[in-house]
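Common to both upcoming complexes is chain A, partnered first by chain B, then by chain C.
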Partner chain A sequence: MSELLQFLFSGVTVGAVYALVALGFTIIYNASDVVNFAQGEFVMLGGMATVFAHAAGLPLPLAALAAIIGTAAVGVALNRLAIEPARGAPVVSLIIITIGASIFIRGAAQLVFDKQIHTFPAFSGDDPIRILGATILPQSLWVIAGAVLVFVALWLFFTRTLLGRAVLATSNNRLAAQLVGINTNFVMTLSFALSAGIGALAGVLVTPITLTSYDVGLTLALKGFAAAMLGGMGNPKGALAGGLLLGLLEAMTAGYLSSQYKDAAAFVVILAVLFLMPQGLFGRKSTDRV
Partner chain B sequence: MKLTPKTATLLVLAALVAITPFFFPSGYYYRVGALIFVNGLAVTGIVILTGYAGQVSLGHAGFAGIGGYACALAPVHLGLPPVLAVVLGAAISAALAWLVGRPILRLKGYYLGVASLGMGILISMVLNNERWLTRGPDGIDVPDLGLRGVLKDWGLNLSNGEFWYFFSGIVMILGAWAALNLHQSPTGRALRALHGSEIAARTVGVDVSRLKLQAFVISAVYASVSGSLLALQNKFITPDVAGFMHSIEMVTMAVLGGAGSVLGAIFGAGILTLLPQVLTVFAEYEQMVLGLVMMLVMIFLREGLLPSILRKLRGTGE
Partner chain C sequence: MNRLTTTAIATLMALGLAPAAQAEIKIGATLSATGPASFLGDPEAKTLEMLVEEVNAAGGINGEMLELVMYDDGGDPNKARTFATRLVEDDEVVAIIGGTTTGATMSIIPVAEDAEIPFISLAGAVDIIDPVKAWVFKTPHTDRMACQKIFEDMQKRGVTKIGMISGTDGFGASMQAQCKGVVADYGIEIVADETYDPKDADMTPQLTNIKNTAGIQAVLNPGFGQGPSIVTRNYKQLAVGLPLYQSHGVASKGFIDLAGVEAAEGVRLPAAALLVADILPDSDPQKAVVTAYRDGFEKKTGTPVSTFGGHAYDAFMILKGALEKAGAEPAAIRDAIEGTTGYVGTGGIVNMTAEDHLGLDLTAFKMLEIKNGDWTIVE
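For the complex of A and B:
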């Protein structure tokens, strides 16, 4: 029983990170129909920038804030310099652009930072909390709280604020949104900034547990993507549920089946979802107008 | 007599393979050339899938892995001669592509990309983890193809580098010839029609999902054979051949050069194969340059390098 609980804890922690990456995917996908393979690099940048800002003397909260803002700026730059100029390009081209961006960011990070593995102190100590015979790190609670908070904030933003609705309107129909006076360029900028900021936040929260280095982004992007697919591409609720579910699946695979094939869980899930329910858990069936 | 694009492409390729060795300063360049041709073969498969049919695969390296490991394992465990191992690998790849592609290709959009990505990563995971069979990440020896010995008996004495240069070159030209034939056939026309508009193609009676599946299976065979050639010429193979980055490389080569034409894609394969050789001086910047090139070409030269260059040349000529 305590064993299962232990796997549950680690699954939810990892799952919360996947959920944050998947939320980032969802925001950009909704705003621009782009599947952003550089999403994982935002997580890496968040962690690495915090490490180096902290080492340079900034107190940890300030370092984290600087990292998140800096990463959001990278997100905006990505949109302005690479996505916006390629508007209307075929899907293959957009995929290659974002993968190119991810390789570029990784290469730059390896020069600007270094190739070492880094971490910084956990926010509230390293003493594990015991619950029913299982343990959970205080930092895990931070990660989970972060994911829940971001989700609630996004939900309020999209349903309760005019700006949030403008984003939704843009994702529904860009031209129609422009016609009713929405500044769609600003909406795109905002979406990339938000998405990159959320990715960076995930990196800040999880680095004390999983450590970070310049090359952690790709795996995270693929996992987050799997989570977003599982939940149904473009649906924030789906991203949260898909992320948590994927984390749990991985933890259970590692615990009960084989730790070697832990990472396989995500990709088996992708294939299973595509074969059985291509719209994901929460997706709606789409129709095209010719 | 007017040169058809097909004959022109094949002539250009044949001339390239035959003439460039005269300019090689050392034997090492045969090796680089052979590598370009092996990649050129894989990329020709991508032309059929992406350029003709408009589908994206992000897991084609998985098929290269199957082709490569078939050459390492089948001769040892099944006693097959290496040539048949290549065929076996291609058959397994085709069967797998059919299995994965059949349910996926009924869907539209980037789903094939996602599914093939998952499939490719699973293949590379199996190759990494099943040490009892594949010896894991350290890689495994591959038996000799044996053809060079046969040629020697016939009096044609080639060095290892020369042999693989010409052999890969010939296989690549055969692959290009098959792809160009497909392009002109009714199937090829139907493929290009569905690339233009799936719904329009369906309306005029094209069996869209079956055609997409055919393109996927054929391109998987190309990738598989290229993996086999790579394994055979290196006499060694590691799971990296099936890795995600290799899949991305294949697509990038094709799209960079111009996925719409065989010659363009092979041109892209040449550039991306040479790039790391040129950049070894700036090894630290290699990733940045690669990423930058990928983005710039896709933003500014959407059709790919070769078609854009050709258009420029024609534009000034007129």
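For the complex of A and C:
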């Protein structure tokens, strides 16, 4: 019993990390249909910038805030310098631009920061909380709370606010959105700033658990992308569910089957789901009017 | 435009080739100064540059200046092979130091063997020198030696049943295999064998299974990078309460910081003397060497010394010794390297023979235990 609970805790911890990364994908995707492969780099920047700001003497909350704002600025710059000049290019080209941007950011981080692995203290200490013989770290609760909070905020944003609807409208048809008075340039800038900010927040929350270095972005983006695909790209509910499901799958496979097949098992399930439901668990059905 | 180009080329030649004109002994290096293995290759490259500078400032070897031709293979075996060929054919070096990773080393070996140029590798795997190849040597201790050192210590503590949790990266997988190969010699049985991906964020499921295996007395974690730090944290989180052994792959101060002082308490691992230069007793023959190298490196680069840079130090010093003794003919250098005896380096005391192109024994490793966030030597 305590075994199952321990696997569950592990799965939820890792799943919440994936979910936070997956949530970052949703805004840019919703605004432009672009899967931003630099999303993992935003997570890395959030963690690394916090580490270095904290080491330079800023208190942790302030360092985290500075990292999030700084990363949002990087997001805006990415849009201005790389995505906007290529406006009108096919989505695939834009996705490739984001891959290029991710390689660039990783290289720059290697120079600006360093190549070492870093971490900073957990927010509420390292003493595990014991429940029925299983343990969970307080930081895991922070990550879970962060994922849920971001999910609720995004869900409200897309369904209850005019701005959120403007983002969706821009994605649907940029020209039409412009014609009804939506400032699509502002929407794009905003979506990159928000996505980068959410990525950085994820980086701040997960670093005490996963540790960080200039190259963590790639793996996190890959897992977050898998989670987002599993849940349905563009849907915050899907990102949350997909992330948790992926984490639980990995933990259960490692616990009950074999740690050798942990990643393989998770990806087999993802393939199976996408085979049966190509839009993911919660993805919207796309209908093209001819 | 034409004149500009000519001027540029002339300037470049003045900068790049002028020192070459007076150099008389050319040694080559291909290292992974960038890329995924840069944390190994970067200190190696800096060490070689520092040492060549020092030797030339002191008047060279037997009055002849050294020239170091160094390439950055980025950890890519294909590039390493290309650069090794270039070193041999275009640069005409008399010896090669390099092959930061085992993969890069393996692709340099055929080039060095064909050209009959002595090659000193800086990579870990035992396969590099076993079986012995005429022109290939190496300085880092092997995974197998680390396993033996750990099992020796376990045996002393009366441990007979252990669990292993290994990273699936090259280092973890190789050491896992080597440990399994020698474990029986020490009367120890591996009763739980788990793995994790080097980028995983949580290893509690694997450790829960190890903890619940009946009769287990100690746990060994071969791996490097962030994995072992997370394993150590999870180990404390689950309150496993058994001795935990890490590998020489995490033998750096960074490991204690990342795992946390509390979680790292009591963890044991084998490491080279370089790491614990300060706490070595004065009677230790390596003390003077490792202290001098560490101080020189840290003063020059401003970064903490690592065992990897130490491997490059040993390779260079062995080569320097051979050049002093035998001159600059590749075949004579090879014989002199093979004849190295009693060289006290950062990795241990080297006694090479025709059958042993590494020349280290288990005393090269010190068994360390982490106490209060610092290393102590286990006697």
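One rule holds for everything that comes next: the second predicted complex is superposed on the first by the 281 of 290 C-alpha atoms of A that agree within 3 Å, B and C clash if a C-alpha of one lies under 4 Å from a C-alpha of the other, contacts with A are read in each partner's own complex, and residues count from 1 in each chain.
Throughout what follows, contacts are C-beta pairs under 8 Å (C-beta built on N, C-alpha and C of every residue); 3 or more make two chains touch, one makes a residue touch a chain.
Because the structure is predicted, anything quoted here is derived from the model rather than measured.
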Contacts of A:Phe104 with chain B and chain C, given as first, second, both or neither: first
Chain B versus chain C as contact partner of A:Gln178, first or second or both or neither: neither
Which of chain B and chain C A:Val14 touches, first, second, both or neither: second
Chain B versus chain C as contact partner of A:Gln260, first or second or both or neither: both
On chain A, positions contacted by chain B and by chain C: 260, 263
Chain A residues within the chain B interface of the complex: 35, 82, 85-86, 89-97, 99-108, 110-111, 218, 222, 225-226, 229, 260-261, 263-264, 266-268, 270-271, 274-275, 278, 288, 290
Touching residues on chain A, where the partner in the complex is chain C: 3, 6-7, 9-10, 13-14, 17, 115-119, 126, 128, 135, 137, 206, 209-211, 213, 215-216, 219, 251-252, 254-255, 259-260, 262-263
Residues of chain B defined as touching chain A within the complex: 50, 54, 56, 58, 100, 103-104, 107-111, 113-115, 117-119, 121-122, 125, 129, 199, 244, 248, 251-252, 255, 259, 284-295, 298-299, 302
Complex contacts: residues of chain C adjacent to chain A: 36, 38-39, 42, 168, 194-197, 199-202, 204-206, 208-209, 212, 225-226, 229-230, 233, 236-239, 254, 257-258, 260, 262-263
